[in-house]
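My questions all concern the structure below.
Naming follows writing order (A, B, C, D, E and F), and every chain is counted from residue 1.
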Amino acid sequence: MNELLWIFVSALLINNFVLSYFLGLCPFLGVSGRLDTAFRLGLATIFVMLITALCSWFLNTYVLVYAPYLRLISFIVVIASTVQFIEMVIKKLSPALFKALGIFLPLITTNCAILGLAIFATNRGYGLAEGLVFAFGAGAGFTLALVLMAGIREEVELSDVPALIRGTAMNLIIAGILSMAFMGFAGLFSAT
Amino acid sequence: MSSSRNTHVGKGDPGSLKLIATLSFAGLLSGLIIVLAYETTLPTITAYKAKVLEEAVFKVLPGVTSMQRLVYRDRALTVNDQVQKGDEAIFSGFDASGRLVGYAIPGAGPGFQDTIRLLYGYIPEQRKISGMEILESRETPGLGDKIYKDPAFVANFESLSVDPEIRAIKKGKPKAASDIDAITGATISSKAVVRIINEANRLWLPRLEQASGPEAER
Amino acid sequence: MKPKETRLQLQAAPLLKQNMTTGQTMRDVLLALLPATLAGLWYFGLGALLVLLCSIAGAMLTEWIFSPADSRFERLSDYTALLTGLLLGLTLPPALPLWMAFIGGAAAIGLGKLIWGGMGQNLFNPALVGRAFLLATFPIAMTTWSPQTGPADFFQISASNLAAPFMQAAYDGVSAATPLGLMKFEQQSTALWALVSGNTSGCIGETSGLLLLLGGLYLLLRRDLDWRIPAGILGSAALFSAVLYILDPIKFPGPLFSIFSGGLLLGAIYMATDPVTSPLTPRGAWIFAVGIGLLVILIRIYGGFPEGVMYAILLMNAATPLIDRYTQPRVFGKGIKNQ
Amino acid sequence: MSGLLVAPAIMAGLGLFFSVILAVAYRFLKVVEDPRIEETEMLLPGSNCGACGQPGCHAFAEKLVLGTLKPSQCTVASADTIDAVADLLDVDPGQQERRVARLRCAGGKNQAYQIAEYRGFENCRAAASVSGGGKGCSWGCLGLGDCGIACDFDAIHLNRNGLPEVDIDKCTACGDCVEACPRNLFVLAPLAQKLFVQCSTPLRGDAAMALCKVACDACGRCAADAAQGLIQMVENLPLVDYSAGGPALPDATFRCPTGAIQWLEGPQFTDQGSAMTRRENRYAQLH
Amino acid sequence: MLSKLLKFSFAHGVHPRESKEATVSLPIQRMPFVREYVMPLNQQLGAPSKPVVEVGARVHRGELIAEPGAFISTSLHSPVAGWVRAIDNRRYPGGVFARSIVIEADPFDTQQFPRAARDWRQLGAEEFVAEIQRAGIVGMGGAAFPAHAKYSIPEGQHIEHLLVNGAECEPFLTNDHRMMVERPDDLLRGIEILLHNLGARSATIGVETNKPDAIEILRRHIKPGQPIQVAPLRVKYPQGAEKMLIKSIFGREVPAGGLPRDLGMVVNNVGSVLAVADWFEFGMPLIERVVTVSGDGVEQPSNLLVPLGTPLREVLKFCDGLKEGVSQVVMGGPMMGTSVASLDVPVLKGTSGILAFRKPRSVQSREYACIRCGRCLEACPYFLNPSRLARLARARLYEEMPRYSIMDCVECGSCTFSCPSGIPIVQLIRTAKSQLRQSAGKVV
Amino acid sequence: MAKHKEDLHQEFIKGIWRDNPVFVQVLGMCPMLAVTNTAVNALAMGAATFFVLVGSSFLVSSLRLWIPRQVRISTYIIIIATFVTVTDFTLEALVPKIHKELGAFIPLIVVNCMILGRQEAFASRNSVRLAVMDALGMAAGFLFALLSLGTVREILGEGKLFGFSLFGPDFEPWVIMILPPGGFLTLGLLLLFFSWVKERKQRLEQRLTQLESEAQ
């Protein structure tokens, strides 16, 4: 099994960031109400994750060899600043793109999926290519979970869910069932 | 910041310089605090890490009392304690008399849920594996985690031939010297462990043979 | 005032209805499952019967307890709780401790149906939610298979069935691998006739391919199920495994084995077709079905489980709202060009 | 111990680097937007009900900042909120006249005759489309509560008589009920206007009385008893025109044979229990 | 002829029991005059007519009593000779009250109508339209859309083909069937008149194959060389809906929101064509129509020729009254008709049937939740998603519904008919449409 | 002064129940679910969060007058990240085993929305005393939530509590509780349970007031 492919499939399905690692739950629970918003948030997340992979690789290779203890804080500062910078650029250059994707950027920056991605990639010693593939897989997996969730939630809006359950409790239980369904991917490509 | 007339930010609008200064100062301070904490805890942490590693090596290579870190570079193995990114490293273990007993080889690969990392001991003279220790895994509790919780499974690796290739076989089936009993209900994790070791063998055994020259000696 | 006539009733048109009702549909499905259920009992004995009863009891009791007091009888009388319990029971190993079957029934109705607002509103197949819950909760018990006892030993109950609640089961005797388990871990195929007649180990209701097909036929004739779904699932699964089989006949099972082994028939005919959790639109049904077929073979061959029907159905259930949304039929007279 | 120097240096460097970049970017890339819009929106109730005629609170805030609308046009906001918004934007809050939803029908189950039995979807609009829902009066309230569901402020509840009662403290005059009612029975009337006709039938005399015990039979006594011009009979119903001079007094209601015209001090229908018996007696005497 | 072998049809639709046995072979019978007639002013779609008579006036049978109130409106004629007794709000089938002219029949009048043919060959297009409006003809297929409005073809459009709708897909009804069987020559004459005046080249009469005698008789009466065909149609509801008819016969779809004339066609009910013939051949305006009285609650099912304005009570009385325990009386067919609250409402221009039922027809013992079985989708001839629409309507998410093309629903009721869960889908859709229309009116 | 004490007390109490960051505000979900497979892990995580939250609240509220508005968020993050890094090292040195179990989730405390949220919503606007009280309350509430989840999951998932076996060796563990779906489901059901309790309480209170008014 090709190493890069395994990294991708693992991040996308088997160890889905949301459903298996519990990362990025706030946007997952908060922004999954409407399908089209969810999809755009997903795309924005993929984008930020790729940026994060780049930043963390850069920091790991050029800065942190001198001061490994600054890992966490420098990740945070660099990722946040870069995203904020890109946000401003997009806002200036393409208001349409900003309206579609950019408004989610600040929401994503302070999100554990992003920082988690950087930390996992570092812990596992991923290089640049591996890091980017990992980021793409994780982002796509996040988008997949988010879009499925949003589809389900839009449907649930039409049902008479008991008032007591409506809201976060319901969303968590749906996530639990989704997570159960995703268990079906466990062991994928490692059995043969 | 001349446009502050209609931006309604409040009282005095501090200049950019002040902002930059604040952030830099905060960074400076935090860096200082962190480094202090780091320096204080570093000895304990490094000592603990070394201890864990040593224990693992000693466990997979019975009878070993000291070890060395070997790095494979430029088609040769050299002793090197400096951990660097991208290193391909194994450990050689020596007994009390200073004789080379064998090597502890790390390996990693996909398991049932996530990547499994392990370390196993290899004794070149006998072409045998002398022990296996799981360093990291997220296998299912109660099933896959038997690869390190089930003593019977771990015992499989205490004296295991590497020729022709290790295989995981269901319990009760006839076995060769290079076959192990798969865990019932966790065949996949068992096979994953076997595959990881096989792959590491494929990588390292030729290298060890080629490099079993004097420089590996103490 | 004028003399009173009988008051007329006002109803919105149309005033005619075809005579099928949803309750009737559910009764049909129960009927269609009867032969396969009886075969399961024939092969696995009293223990299997108890497992079925416990899962049905778990399901119906949960429905009863958590329904509003004034609609309890009504809710139970639509047969869906009974059907869910039965279908769940049919997908359980015959030697499962009874208390687990009961919990499975409760989880199926509780998590699979009630929290969604009751019948018709759930988006995941309740019986499979129950099974997935059980499989993740008690993986060992759920994958320990007992050999068939046959009708002669009908009254022999395995000790594991009777494990005390919340306690581990002690398995007596030998365990038997299912055809899929044999295939996956030992590359060992099972004779087709054994698969078709049901003479193998496995879940209570899944073994007898022939009787499952028979019930499916009945449902098709009664127009109770969407034929596209079983056709799509079986077709795509057969095609996928045929391709693999041609590539490497030793490593991969053939299409007939794929169809008749494991829960594929039970799943394709009775579970993926659950109207509530499958797409409404005909095109959606095809996508859904082909998705399940491919996922089943993917999980069976490349995945960590010998069987993937349940996960495939649940995953496609999750995608159903999306499928439905993007396969709306073209409205009459929209988007056409008239010369 | 080199870390003692390296770490603060790196951190300060990073902080410096990025804050400079961001400061510069801020300077050159910032898109200016009037922050008062957001601040105004924060003050508004945020129920996005559209009573102001705008698609939502944000749009209303934009219009407020532009000065094309007045804060008081938000009927949901309390007086304090409106003042706060007016203060913030330094504009005139506008006139506020408290209005509530009033029902132009008093024919509940006990008053209006039923001529057929409706069976089907329990919804006023649905019932109205099936030959009028079985109520003899095709103008009156169907009593299936569409208005109550439409009201976002929980101000409408059906009473035991099958009529919607408006809680005048909760009603914000958003007008949702006006739109929801298929019989168009609700009007938003100023609370200060107390003379109110609780009937909508254009039929008169016996034809009207054949529908409902409390129908207006267009006898015209209220118009005669009120100040000159205050009440006019239009299409067999009294129309109260407050701008027409003369004071509106309860006197106009005294001789109404059915009680179709009422003097409302507070909510509608609350006094109906006792008042009805009197009117019912009267009705019995008439026939 | 090729069409002899083919049965034309459309996709989807449903097969309700036809139940036409009771009246299919009963000849049309004239209903005697009764004492009082109620002529509501809004018997057509569009603006109400304006009375031109005063209370107390004497009127002849067929005399104009109200003129069109606008272009989309039409004339009313007195169905009897008698006196105008009131112009007043009277109960109307829709459950509301409507302004109506009440006429008391003169019991001693002979009620003769002087026959006089009119020339139809020399009319200009506009004159023809004016004639039809003068005759008070509306579509008799149910919608009661003023016929003249259908015939006034806008600039740039051109009618190629006339489709005569003899599908009569509603169960129970047999009035169109009887008209085709009993008056084939008048029908063909009406077609000739319309072909001539619309400038159309050919005509097709679509008839469901459950009326083989009608197909046979019409084919026999078509003169050689007449550009008229009879198309046998599959028996399926709603075969008679005009867009379905066009799809069945020509395989073409009328664009959503469009009209048949966008495809160069005009569709008319058999009754409407006969009314045209009556006007030009006999000078008879629309003052009576054929009504099928049927259902298990009627003592004597019949096909009647009823003067407009006759109260239902009188019609039913003529059919020996209602049986014991009748719970429901419906105007129109059982699929699209309306149940009436009171028997005092009159027969209108658009009333094709009066059905009385003993036990409520549409009540399923219980309503289940929607199980998304998709039967409604497979029934809807317009390829909508009724389940979704109904769920949205229940959740009151009306604004979402145009996304699912709610406005293309013609309320044919196929979905409700086929729903095993007994969900009143059409009613939910109708409610939502009504609410949407009202809100749309409000938004400035 | 007594009144002031009361206020402080209130600030503390509200975090535990009325404004509980997890059950009521639905914040900090990720660590909540990720590390609560055993009660010990939950406790460790709770403690770490406790330290970071209280420390940074203290610092932020003491420095609140010096931090310019525009860079306040960045500064808070730097402060929090510093505390987290320190905690990380400390835990690794003191309890390496637990540190390994918690893995990446210690650094992830930085992005726990609850912590940043408290700085922005409370610490930056209130006196040090109030801020610390609030932080103590919130942290205690968080710890309470973590512990309830961890306890349930450990008891069912392993038949143990804090590592001590509760039901003997024959207990059949509910493996799902330790797996990801179990986290979601348990928290969902806990939330359901709490809102049920709340509703019942409300209904009871309503009944009481009704009875009282009827009695009058």
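Heads up, the rule we're going with is that a residue touches a chain if its C-beta (ideal position, glycine included) is under 8 Å from a C-beta of that chain, and two chains touch if they have at least 3 such contacts.
The model shown is predicted, which means the values in this text are computed figures rather than measured ones.
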Longest centre-to-centre distance from chain A, chain (CA-based): E
Which of A-F and C-E has more C-beta pairs touching across its chains: C-E
Distance from the mean Cα position of chain E to that of chain A, given in whole angstrom: 60
Interchain centroid distance [CA atoms averaged], chain D/chain F, Å: 44
Distance between the centres, which are taken as Cα means, of chain E and chain D, whole angstrom: 41
Distance between the centres, which are taken as Cα means, of chain B and chain A, whole angstrom: 27
Multi-chain contact sites of chain B, meaning residues that touch two or more partners: 19, 23, 26-27, 29-31, 34-35, 37-38, 112, 140, 142-143, 188
For chain D, residues that touch 2 or more chains besides their own: 3, 6-7, 10-11, 14-15, 18-19, 26, 115-116, 119-121, 126, 129-131, 133-134
Where chain F touches two or more other chains, by residue: 71, 74, 78, 81-82, 85, 89, 175-176, 179, 181-182, 185
Chain E to chain D touching residues, read off their complex: 89, 93-97, 338-342, 360, 363, 396, 424, 427-428, 430-431, 434-435, 438-439, 442
Residues of chain B defined as touching chain C within the complex: 112, 140, 142-143, 170, 185, 187-188
Residues of chain A that touch chain E when the two form their complex: 157-158
In the complex with chain E, residue positions of chain C that touch it: 5-6, 8-18, 20-25, 74, 78, 118-121, 226, 275-276, 278, 280-282, 285, 324, 328-334, 336, 338
Chain B residues touching chain D - in the complex, by the definition given at the top: 3, 6-8, 16, 19-20, 23-32, 34-36, 38-39
